[in-house]
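Before we start, here is the structure in question, set down as structure tokens.
All chains are identified by letter, namely A, B and C, in their written order; residue positions are counted from 1 within each chain.
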Amino acid sequence: MLEINELECVRGDRRLFADLSFQLPPHTLLQVRGPNGSGKTSLLRNLCGLLAPAAGSIKWNGRDIHAMGEEYRTQIAYLGHLSAVKDELTPRENLSFSARASGLVARTADVEAALRTLGVDGFHHLPCKALSQGQRRRVALARLCLSAARTLWILDEPFTALDAAALGVVRQLLESHMQAGGMVVLTTHQEVAISARTTRRVELGH
Amino acid sequence: MITHTNWFKYSSPATFYQLAGKLTPWFFAAAILFTIAGIYVSFFVAPTDAQQGEAYRIIFIHVPAAWMSMFIYIVMACWSGIGLAFNTRLSSMVASALAPTGALMTFIALWTGSLWGKPMWGTWWVWDARLTSELILLFLYFGFMSLQAAIDDPRRADKAGAVIALVGVINVPIIYFSVKWWNTLHQGASVSLTRSPSMAATMLIGMLLMALAFWMYSIGAMLMRVRCIILERERNAAWVKSVQGDER
Amino acid sequence: MTSPGPLDALRAVAGRDLLSALRRRADLLTTLIFFIIVASLFPLGVGTETALLRAMGPGVIWVAALLASMLALTRVFAGDYADGTLEQLALAPQPLAALAMSKVTAHWLASGLPLVIVAPVLGLQYDLDAEGLLILLASLLLGTPTLSLIGAIGASLTLGVRGGGALLSLIVLPLYVPVLIFGAGAVEAGAAGLGATPHLSLLGALLLVALVFAPWATAVALRIAVE
């Protein structure tokens, strides 16, 4: 259960949002909406713990996430704007290394299965710089298949550059994660219908 | 009735701005008084040195400047560290305000060291341990100031400056020791500004007075500079707008 | 399913960097070639009198190694910062200091170790004898990791900041001075017959101090950069 209380975010000179409060129980989807520059990414980075809030608190099961430190990071999986895909490595190498570096279990069979789910499993000897933007994004998203143990998924514009088929795959991934008790926080400019037991919305930029 | 001062209120930039404004003239006045006393002792009371004649009197500026350059660096690193650890803005602003004065002291120490070296040993630069360490200290100050100048986000600049200042402060003794070692290996003991003439008591008093003068000046300069930094960083706050209104 | 041990993450980070470095051999070669060119430029500037070169040699090779090492530092975190890998590392359950150490180790293996291996060849250009070459090798072997560790702090502080390489040099070169003094000093002491052990021991001590403090300072600086 994630609990946000009177969260305030200041970047440089601007106060992006203040007095933001909400709760996120398991099986919940949170959609963060707002115009460009309204602080959606900053909110997500606050939830990850990368950015410290100017005021207010973020609690995971009653404990402040900054006090929890490493333990909180075993509970979350984050996908930001940048895909974290290395150009000179193949998709399999990328996924294997990045999963292991994040402390996830990455057996060869699981890595192959994850790439297959996202449709990028055919590029065994091609470095990722030979792939298209959408294909690179899918390599990044494949990490979600290995992140079932991470309860809270925080995704910044996960549907960007995806075609309809890939979009469907990702939607299914999110839905099954939430069904199993997980939570998903995402920002998106696109209207994507994701079914979850509970859906919350946060509007920024007012 | 006993009144307790709440010292923490001075950690707010707005209150400190007013306090700094009131204190600055006092520190500059003290600096002028100490300078007059120091120059009097340095030029008229301290005896002529047997080996070096009158030219040695430049140590009354060189040594206090060198002391202040190192002292200010340590103080700057402390305030920076406090700003990083406790996430306070004013501590970091004070550290940023101290840096140019510290660099100035270092430059004065280098320049007077050079001026001393010329009549003594005929060269404009002497690679002795103290001067070389001061040169490296100047680079450390420049590194701190350049890093802060290059980062646009003021909070990130504060924290990055704190890291480099703290790393520098740990390194200063290591650098000094290694430079001293290097100096004894390469030069022998003949040329050394650190071997000052044997200290008559009056010489020590002269140096202490000048050191106090530099200290008062440094605090005054810091207070003036930190007021500018506060105005710039807090420019969107209401109290700054009313201050600007008053001063128009 | 048992969770992987913490060492696996460190190995993954180092392995990824080494594999990337292997696939981008051009970057490593430019650092090495820079080292060789700088060390070879000095005789062109000061003349070829053997006694002068022999006296200058240790210092010149050390300064060249220092500059080459600093040139390579611009790459240790910048790639990861640009493509989002760094923020993933900041979100890993392992301590960021350990992950940063892993990266710096891989970086040294790819760019520092080649300098150490090539240096004796340059030492021949400066007429160092066999014992001098051995001391040069030992001093660089102890010194270049320290340079990488200290440099990593500077590299992490200047991520995404204007002025990049020049600013990094300004911050890091003053901190390099003790390593330079003891490193070059070791070879000079050996050449003068005074024994290089004290210098090499001090280099070792600096390496230990750097190993204790630098990863922590680097992690703090990385978190500041990734905010």
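In the analysis below, contacts are C-beta pairs under 8 Å (C-beta built on N, C-alpha and C of every residue); 3 or more make two chains touch, one makes a residue touch a chain.
All values reported here derive from a predicted model rather than from experimental measurement.
Farthest chain from subunit B (centres taken as the mean of C-alpha atoms): A. Centrality by C-alpha centroid: the chain sitting nearest the overall protein C-alpha mean is C.
Computed from the mean C-alpha positions, the centre of subunit A lies at a distance of 36 Å from the centre of subunit C.
Chain centres here are Cα means. That of subunit A falls 48 Å from that of subunit B.
Our note on geometry: subunit B versus subunit C, Cα centroid distance of 32 Å, whole angstroms. Across the assembly, subunit C contributes residues 227 that each touch 2 or more other chains.
Chain contacts: subunit A has residues 52 touching two or more partner chains. Listed for subunit B are no residues, as none touches two or more other chains. Residues 45, 48-52, 70-71, 73-74, 76, 78, 80-89, 93, 96-98, 100-106, 127, 149 of subunit A are the ones that touch subunit C when the two sit in their complex. Here subunit C touches subunit B in the complex through residues 153-154, 157-158, 161-163, 167, 170-171, 173-175, 177-178, 181-182, 185, 188-189, 202, 206, 209, 213, 217, 220-221, 224-225, 227, going by the rule given at the top.
Across the complex, subunit C meets subunit A through its residues 1-4, 6, 8-9, 11-13, 15-16, 19-20, 23-24, 79, 82-85, 87-95, 99, 223, 226-227.
If you check the complex, the residues on subunit B that touch subunit C are 84, 136, 139-140, 142-143, 146-147, 150-151, 156, 159-160, 163-164, 166-168, 170-171, 174-175, 177-179, 181-182, 185.
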